[in-house]
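Some notes on the structure that comes next.
Chain IDs A, B and C follow the sequence of writing; residue 1 opens each chain.
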């Protein structure tokens, strides 16, 4: 029943120890305790969530209604973003036939860890009161923490199935740290606008993950090829992720834009761009198969490219047809990416990108940054009004004299900063992850929940996929007798 | 392994060409480019989403807070509606064992196309500035576009598994167009109230789909009978759709009602009616099986009938117990529809209604229209106050003199207009779809994702359903060698 | 194929009649009609959802904007709570391999019934106008009804797979009634604060279900052991429930807290506590398996313990690091519960707790109540300000003189009241449910959708699980010939 040819290939591999019984609990406990200490030292409620300060603020500013609390401006969008991070990204990564637990489960783990670290890192850069030394958090801080985590989850998409949860914690720790610095440079020093994070989230997160994947290149990954694909129902699960991302992307881009017309316009632009992406994705997907059949990979991913690419420009007056054009082009580009660029990258650039984050995040994010630069540079007082220009681009304080042309230039520079942080940071993190201490799986054992999860038997007997898998991996039995005993949860 | 009897039946069928490699991309591209041009000519931000106009509006109307922007009144409801359209309708249609990709995927495609066309069509009728010739869009426009698309998606429910995606694009193009005209007549000329669209969405969409299905009657559809049913997990997927529709229906009905008590009351009435539907659906479903076992088809669909039937009356003062009674009756009627009317329609009226949209949308929608007429006619100044009557029924301008009795009559007339548009429009569209150019599947090849999707193998070998399918359809191999090669996505 | 040994065990069991064709429809109809009558007598719109009263209120109170309507403060949170009740609880209970229909379907049924009865019961205690004898309902009433139902759904978690839907209706009828009385005592008489319901919802609901399960102890439940576990995709479905509960728990706890900083702070605290729970759950789950593998049962459940435990204290000034500590500890405690307490309870206390509600709800809820008591007792004017203390703890009217110390004592007393109601009420309800009239399944027939649902065949032939099942249960065929004929839905 099966032959041992595949196994012989593995015979001379150094055996991998995927036992994470010490490392994973240790990392979780140490980091969670560190969070408690740091939160204790630094983090406090802001003036809109602290009862004393809010009553004081109402009194001082003569606020007559509680509805003026920022909570009511941003909480619905926050919850939509939260769904995108945990259900959207999580379920998008359930598409593999035997890595759905890892897809949604590790996404959950690193999301929950990352957002705590993000509250601290972003707080130090953006919300630190210099007199008290405390960070104030409110609903906008929660949204930003979710955004920050998104970049690391995007990086996870490139690594899906090939790394251990401990490695993912490291990816997230550094990812959040790099993000906070990069974001500070782009938003505060360069004074770019990037509400939906084309540059700071998608472009950074995508290239960060790709660089790590490049450093962790596995030449024998084809040994896990049998598991690197979907089954019928795993593709349907992934559509849950796709749709929640697609539907709530208008909230993602508008969650932290200006109150009033800012949030309103951003949501409209994103909604329109996403609709356009769907049609061009379907068109290219169908045109690329000889019977015109659609590929679920494209529908699950490239349909979202319009939202990524509008991350910077959606809050500007890009016009509705401008939004349509952005969605139109990025849908095409992203689908072509899945068809041609991903295979090319894997074959020639040695970059194994499980979810194709290059095509969904890195490239559309980069394009989105440049689109934002162009739309910013093209802004006029006629369209925005003087007051509107100031509000939209925040031309105040030391930036009061900046022209829209200069702003466009800085926006473009922001893209470069994001890429630079991603590549350099990713390389360093990748090298750290090559240390043989993290419990990552062997090349013939990737994309397999068996390694890190207690997986239930599916029917009376041992299901075919698992049986094959057991066979493939028996060489590791000297390390662990228990690894391949299928247990019922 | 299997015999060829079924196949011989198909031997004399005209072979069907389901290759859509030219037609689907062509339609997507042409229509998307047309959208860009038309958006460029016509569509602009409205006064609450344009930065210059919003600042001006705040100044002119002395608006002190951005929270007065319509975005904050309607955006949470908009997102709920958006979830209903894409996850609700989409997953409700995943119940077939081998058409889940088509159910959720084509719903996604035609939703994304339809909403763009809807922004234009509804804009021309409702939001065209005669001096500038431009359409203004804001969050209410987005909600209306989603509503407009809903009617076409309902029609898709009747056609599920029997048409090609190109045909669905045609159904949607005409569906949205007919909707906009019908809606203009009902809401503007007849001055009906129909916030949740019992008439304009559900009744119209249902009969539109049924008429098309009638014209496209397939006498040999039983040849696909093996695929016209669910498996265990596809029924669980469909419950995702059911529950998101059920939970968010209060948002659907209240999304565009009057600010303040209007939205509040509509949400309450819908919530109550839906709860009542669940109990009577369960009761009838159980009573109709000899062991009292429940049927998932009923639970997935008839539980929603109360929401459909409250689409018109929910914004009126129908009282909470009135809402309960509406849910009570429509739950019963809808379940009886699945038990008796659908089989009757298929056998005697030659209407094949895959999802039973007659029982969930057409009939409860029609009833909802009449319920609205009765509740409107019964309105009194005592209950509403004079000012309240004017606000609720918009008795202003040329309609200032209308009595509630007259209003009731016009509401009832609205139902007839919706049905007339649905039947006549559906007949025309059905005839167009009978042209042999659309790539629709053969009678023995319906309800099968293999035709339009690259479907992954489910296990090591070829799964039973697909194997059987391959066997059934080998007669088409002269048209395409590739149709039945199972490829891994 | 298989042997009859299992069957012989059942040979001397009294045969169970699971035919609910009379009882289920009868209960649904009678109760739904009773609801209509009682709603007709008692329930009316409140001043913010009644058109006449709202216009009057705006006039009287000089309200200039409709945005001041409570709908805009609470509706987004209401919808999140609604998703938790129906998708969150519903899908969390789909984890069993062959009870997903029952998990999500009966949750739907008893949720829809319970919320109607809750509107009445809670209305009588909290919103009855003594002059008119009418109950006023608005969006806060809907949220409270959902909350009230939650307690019964938690109880369902302990009973999952072992009771009939008719029994569940009884559990809900009594559960809602007990809840309303208990809540009145705790919130009104003891004047406790418990916005997120650690005490009134989770502690009560958990112990209520456990007590019923104890009374209904099935010594031969091991005969259904083959079905008391998950399969791969049922565990993924359950993650949908987990994530929607986890993401929306900030809305659950903040839905009915004070406008302004109250809702804002509650959401932040809950968000933080939940993040912390995830890390400690992962740590303990990994540390408890010899290879460090994670157990889906823990990830699906214990990650939520932080939300439960913050139900009382989240609206207080617990500080962000306080919230982290709560999540840290309850994640550990809850996972240990699944590892050690549940097996102990089943073996020695004769309590069979299918979903482990003890570890997710009862225990963390009880802890949450005591945490609330401590945080309340530790409140100071320095932190809250005098005005803030009054607003947060509602120290008004007859409670104007209460100190925070006293408040802490009463909070702790509240926990005891909740447990007392749960245990006494649960015992009574359990005894009622032991009457042999409810159609509950035999010991070897639990956890099986076949009993109450028409279940589709999964493939061409009869799937292994069902075949085994048919075999196991043929002794019941004298009661019903049709029970085991697998029908296609």
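As a working rule, contacts are C-beta pairs under 8 Å (C-beta built on N, C-alpha and C of every residue); 3 or more make two chains touch, one makes a residue touch a chain.
On a predicted model such as this, the values are computed, not experimentally measured, just so you know.
K.L.:
Given that chain A and chain B are copies of one sequence and touch, is their interface built from the same residue numbers on both sides (over half shared) or different ones?
P.N.:
Chain A and chain B contact each other through largely non-matching residue numbers.
K.L.:
How big is the rotation, 0 to 180°, that puts the C-alpha atoms of chain A on those of chain C, in steps of 5?
P.N.:
120
K.L.:
Between chain A and chain B, tell me the centre distance in angstrom, where each centre is the average of that chain's C-alpha atoms.
P.N.:
Result: the chain centres lie 33 Å from each other.
K.L.:
At least two other chains touched by the same residue of chain A: list those residues.
P.N.:
Counting only residues that touch two or more other chains, chain A contributes 67, 72, 76, 233, 240.
K.L.:
In the complex, go through chain C and note every residue touching chain B.
P.N.:
18-25, 28-29, 31-33, 35-37, 39-40, 43-45, 48-56, 58, 65-67, 69-72, 75-76, 79, 82-83, 86-87, 90-91, 94, 98, 100-101, 104-105, 108-109, 112-113, 115-116, 137-139, 142, 165, 233, 237, 240, 439, 451-461, 480, 482-483, 488-489
K.L.:
For chain C, which residues count as touching chain A in their complex?
P.N.:
Listed in rising order, the residues are 67-68, 72-73, 76-77, 80, 97, 229-233, 235-236, 239-240, 243-244, 246-248, 250-251, 259-265, 267-268, 271-272, 274-280, 282-284, 286-287, 289-297, 299, 303, 317, 319-321, 324-325, 328, 383-385, 387-388, 391-392, 463-465, 468.
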